[in-house]
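Here subunit A shows up in two complexes: once beside subunit B, once beside subunit C.
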Partner chain A sequence: MSFLLRRLGFYFTAFLIAISFNFLLPRMMPGDPIDALFAAAQGKMDPAQMDAVREMYGFMDGSIFEQYIAYIQSVFTLDLGPSVLMFPIDVTTVVGMSLPWTMFLALGSLIVSLILGVTIGTYASYRREGFFGQFVPPLLAFISNFPYIVTALLLFYFFGLQLEILPLAYTYDPSIDPGFTMEFIGSVAKHAVLPMGSMILVGIATWVFNMRNAMINVLGEDYVTMAEAKGLSSFRVMYRYAGRNAILPVATAIAMAIGFSFAGSIMTEVVFNYQGLGNILLKGIMARDYPLIQAILLILVSAVLTANFVADLLYVWLDPRISK
Partner chain B sequence: MHSKKILASIVCGLLVSANGVMAEDIKQGGTLTVPIINTGFVENFNPYTSGGLFEGVLFEPLMVFNNMTGKVEYRLAESAEYSTDLKTITVKLRDNLNWSDGKPLTAKDVAFSFTMTKSAPAFDQKAIWSSGNLASVTATDAKTIVFTLNNADSTFIWGLPKYHILPEHVWGKVAAKDLPTFTNPNPVGSGPMTDIKYLKPQQMQLCRNTNYYLENRPYIDCITYRSYNDNSQVQPALMKGEIDWGSNFIADIENTFVAADPKNNHFWYPANDAIHLYVNTKEAPFDNLNVRKALSMALDRDEIVDIAAYGYPTTNFNAGGIGELYTPYISKEVTEKYKDITTFNPEKAEQLLDDAGLKDLNDDGFRQMPNGDKVEFDINVVNGWTDWIQVVQMVTEYYEEIGIKANVKTVDWAVYDKGLKESEYKMSINWSMVATNPIEAYQAYFLTEQIGKSWHAGHGVNSAEIDALVNSFGLTNDVAKQQAILDQLQEFTASNLPFIPLFSNATWYQYRTENLVGWPSKENPYVQPVWYDGGKRNLIINNLHLK
Partner chain C sequence: MFGLTLEFLNKVIDMNKSTTMAADTPVRSRKKEFQLKCHSVWMKTKAFFHGNPPAIIGVSLITIIILGALFAPVLSSHNPEKRVARPHEAPSTEHVLGSTRNGRDVYSQVLHGARKSLTVALFAGIIAMTIAIAVGVTSGYLGGKVDEWMNFITNVFLVFPQLPLLIVLAAFLGQVGSMVITVLLGVTSWPWGARVIRSQTMAIRNKEFIISAEAMGESKIRIILVEILPNLISIVFGGFLGTVIYAMGAEAGLGILGLGDATEVSWGSMLYWAQVSSSLYTGAWWEMLVPAAALALTGGALALINMSIDQVSNPKLKTGPHMKLWHKLNRETMKRRGLL
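Up next is the complex of A and B:
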């Protein structure tokens, strides 16, 4: 129990530091939201109006310290104020619109690459002398070393622009009404293929190697030799005897991967004009929309910290020695 | 298949020419699809906070000042007149105006719409209240609105279309402090499209106002807005025929967009705001007029436009401070008289610099000040504005030819903006004002009170005399007298050269005639074809129809 309390204390401190950075980072960029607004208008707005507009957005009143106190309050009450980019709509509403799509993209690609990766890793380790074990893991390692943005742009170019078989933008065809219809679900799936595919291509190698390395250790254990000696089918040895034990370190790596997956989603969304958090974050940064940037970074921080906390809990459950 | 297409296009062609002859044959119906570059649509129909999405569409202006034809196009208003002392404007509304909910639109609504912005300064788009010149707006009867000014100002009226005419029975219920955050759900308007059919994050549709005051207008049924992230996504959408109207830069447009469907894909790039190199005349060696002249003569404007700006802008040879956007107001006399300043002539430029005492004393290829100090300066341009960066790059190359060392300096907007306003620059590229009348550009260039506020007044050429000349424009309503003032201002600008004219930006405008016709074009230039101006797009929406 005291272990958990210590961890909670640690996460709370980490959270406070992280949200302070969330506050500082956007303000360290040159220019403020009103400057950005006037820059975007390229002379179409009357400079005489600048002060009145600045006042309308309100949140920049007071010294930086007063702003900080107000910000901390807003984080704990979850009342994050109106967005500049989509004034006067609340940041919470804006984020609420796009968060589901990012979760769909980030978690969906994570789950798919996890399942595929673990399967491939298991098989590759078991057949590590053969063609599959020799060829597939290095190939995947090669692909995964491309940054998200490069893979995404390559897929965008070939499948979207050249072959024109998959859509280039949006989460679904804007002419379709959302709902539980085959048409809508099909459209969502079609629009998710490229962004999710690029994230899977990049993410999969991690799981292949995690699993493969853990498996190779386990495969040397006596009970595996024993199982093989008993004449069990290779499928049974591979998955029931070796695989189940090898998956433990993989489970704990998932926590880390959630954070990376969200980060990767941000890049991918921008390339495919996917209406998730990443897309909005980019626009928010360009518009110096402090409340929006803060809210999105807050979500990312919370996602990473929560995932790590869950991993800690998992450790305790898997290995009771830690809690002592 | 192929022959069918040809046949169809012949039939369509016949229909178009028939339309020209018999106006009553214009077909009703059809949908206009336009791209909107934003983060997605949200339920906010407040015209002052929704990023210009609805003006001219949901909300009809009183009138439109058409700077391409020089005419006033009356919309809700039927007339607007100044009193002889230029202190009162009387606006008369048309008969039988109604809101989209069926209630009558009266002078009271109009007076309310203006008075409302007094308590919401962020809505006071042209600072009519905060500048203190507007004393009151009153409805004297159901059709008449009277604006009373403290000081005579014939330019005041141009600001009126910036204010949206809103129903008092809806907006009158909103407390003043809530106005900026009011999202105006279930909007009531008087524009051509007031019926919100649907609103999804990536697309929304507005359909016709059945109470619109013009019979059979609009011809089209609906407008669809589609959301895009940036230019690069608008381009493929335009080529695939997803949208009908583009207002963005497209590289190599003849080969990418037009060639995809030469019959239906068109573009027209008339002149927009004039782009200048603003020079800080308070600093040596720019305090010497001949140096500024030399820096202007050193530039081959045709080449700059062709190479750095892809040939789309209009070269500006008018030294008088305004470009082809204001064609009817340009003084040909001034342009002719100062032609040598804007004509490429590096030999003359070098001679002027020699005469000014700027010579290469140490044989390093670059000129020095008479006392041996280095002459080297930065030209400010905004980070990421690639077309301008290329232009400035070319400018520095031309300067190198005449022995002047200049560098491209890309800075963030905030730095650039502050530099221009507080005249912390040696040379900086920037636009000039797009307005109803060029006097507004001169106000921004020269008025002493604009120093520190405008981007264009930091060059240091200011004086009480020139203030008086600029301000005298508003004291007369006589077009000939006003033109005389503009001529004097052009003469003053050309003879003092506080900035070096380069070219006029292009008005980016692509349109597709597969579905709709009636677009403004080179052959029928009835309005400057811009989407972002509520009044101008109102005229275009009213003119589009099925082919």
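Up next is the complex of A and C:
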């Protein structure tokens, strides 16, 4: 329990640091972001209006410390002001609409590539001298290290444009009403195949190699030889005996992978025009919608931190020794 | 206890003697020593590539790419920044890889772009690994309060999603040049390396050779630089290659988002212009897929090298013909002994 509390404390501190960074970012940049935002309207807006806008985004009078307190308050009350891009709508609403899709892409692809990668890695270590063990890991290393954007573009071109078997844009067919119908779920699945597939391709090698390297260390242990000597099937030895212990060092890599997965999701969404945070982020950047950009960074940080905490829970479940 | 100390001191004196003797040895034998050293380096290189197709493929690919980048002005057929063809000309003998929407020669652009992209990735890797070594080794070797704080900072940076952070920073700075991107990439991608280096430093921190160096009164800086760092080379190099792969991808990603300097010729900016002209939809696949393929090949080749280096630092991970041979011989012996 104390382990989890300590982790929780750490994530909270990390979140506070992220908020502070977000607070300082526009204030460190040369010039006033609000001036930059309304540069075109300069002179047409009277100073009172400009001040009102400033206050709306938290750039009010007062010391930097007072501003900081106000900013933290606004973060925890989810009141980050309206978006510039989609004016009257609140930033938090815009982000809230697209966050589930990004979570779905990032975590879905992470889980699938984790399961696939661990299975392949285990088998590759067990059949190390055979064709599988010699050929598959280098091939995966090669393919998986294409940059996210490149893998996405290649799949986009070959499966979407050339073969025309999978849809190229949006999260689901706009003509279908969202709801828990088979049609809707099918459409979502179909639209997720390419973006998720490209992310799985990029993510999988990490797990294959982590698992393979951990397995090779475990396979030398006496208890594995003992299990083989007892005449257990190689499947049982691989997954129930050696795999169980080899997975512990692999689980520690999950924390790192979560951040990467979200980053990959941002890139992939841009290529596939998937209606997640990445897409909104791109639009926000083009429209210089700084409040929106900051809110996206903040929500991504909190999503990653939460996912990390879940990974910690998983780790405690896998290795109960750690919580003592 | 006293006896032990005396023995230790004697050993130290002996060591000093032997070093002074080495300094007095004639020049000829030094030359021979050098030759021997060269020979052993050559043998090691041969052993690295022997029976290791991934290493051979990776190194040859990367050599070709680096040569292409180095000799770009000689190899390219046109000025990459000038309009030399009609928009979206298909590959032909005049324009080997076709032309872009703006009439630039894709082949010349991809060669020149390699220079910018590889430089950004390389220097980002150097910056990141320098920070990683500084933080990781200091924190792992000194321990205590310093370690606690540095480890905390590393962990905070580690859980932050780096690429979104980078995107936001670049967005606030406006369209940034490759210099700024290099620095941003360098200072945001060190934590993983620092963590690995720290744990490895902690693992060798209490080995005898470090303790004896401490007993001999070597300064902390000397212990870190001379005793610890050489033992971390394979990890540092592995981390360096990983960072280079990541930085290259991130540069391309920032490019396609329109956050890089689109007037510079790099693989990222090539992707950006291809995206802007929606070249894939209009059938001009070469504008998009050529830089994409260049990025893919470079990333893949570096990964193969990285994998081979892992096998050198941890021979247990080796696969390949010699493993097969070993298993075959093992089975034959077992059969001879009647065990199988």
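As a convention for this text, the second predicted complex is superposed on the first by the 233 of 324 C-alpha atoms of A that agree within 3 Å, B and C clash if a C-alpha of one lies under 4 Å from a C-alpha of the other, contacts with A are read in each partner's own complex, and residues count from 1 in each chain.
Definition applied: a residue touches a chain if its C-beta (ideal position, glycine included) is under 8 Å from a C-beta of that chain, and two chains touch if they have at least 3 such contacts.
All values derive from a computational prediction rather than experimental measurement.
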Scan A:Ile280 for contacts with subunit B and subunit C and give back first, second, both or neither.
-> first
Is A:Pro88 in contact with subunit B, with subunit C, with both, or with neither (first, second, both, neither)?
-> first
Look at A:Leu161 in the shared chain and tell me whether it touches subunit B only, subunit C only, both, or neither; answer first, second, both or neither.
-> both
Kindly classify A:Met97 by the partners it touches after superposition: subunit B alone (first), subunit C alone (second), both, or neither?
-> first
Kindly classify A:Gln49 by the partners it touches after superposition: subunit B alone (first), subunit C alone (second), both, or neither?
-> first
In the overlay, work out which of subunit B or subunit C sits against more residues of subunit A.
-> C
A:Gly231 contacts which: subunit B (first), subunit C (second), both, neither?
-> neither
Please write out, lowest number first, the residues of subunit A touched by both subunit B and subunit C across the two complexes.
-> 161, 270
Residue ranges of subunit C in contact with subunit A within the complex = 53-54, 152, 155-156, 158-165, 167-169, 171-173, 192, 245, 248-250, 252-253, 256-259, 271, 280-281, 285, 288-289, 292-293, 295-296, 299-304, 306-307, 310, 314, 316-317, 319-320, 323-324, 326-327
In the complex, go through subunit A and note every residue touching subunit C.
-> 10-11, 13-14, 17-18, 25-26, 29, 128-129, 133-134, 137-138, 141-151, 153-154, 156-157, 161, 205, 209, 212-213, 216-217, 220, 255-256, 259-260, 262-264, 266-267, 270, 281-282, 284-286, 290, 293-294, 296-297, 300-301, 304-305, 308
Per the touch rule, the subunit B residues reaching subunit A in their complex are 39-40, 42-44, 46, 49, 121-122, 124-127, 130-131, 180-183, 198, 200-203, 226-229, 233, 236, 273, 382, 412-415, 417, 421, 431, 433-434, 453-455, 532
Across the complex, what residues on subunit A touch subunit B?
-> 30-32, 35-36, 38-39, 42-44, 46-49, 52-53, 55-56, 82, 85-89, 93-94, 97, 161, 168-171, 174-175, 177-178, 270, 273, 275, 279-280, 283
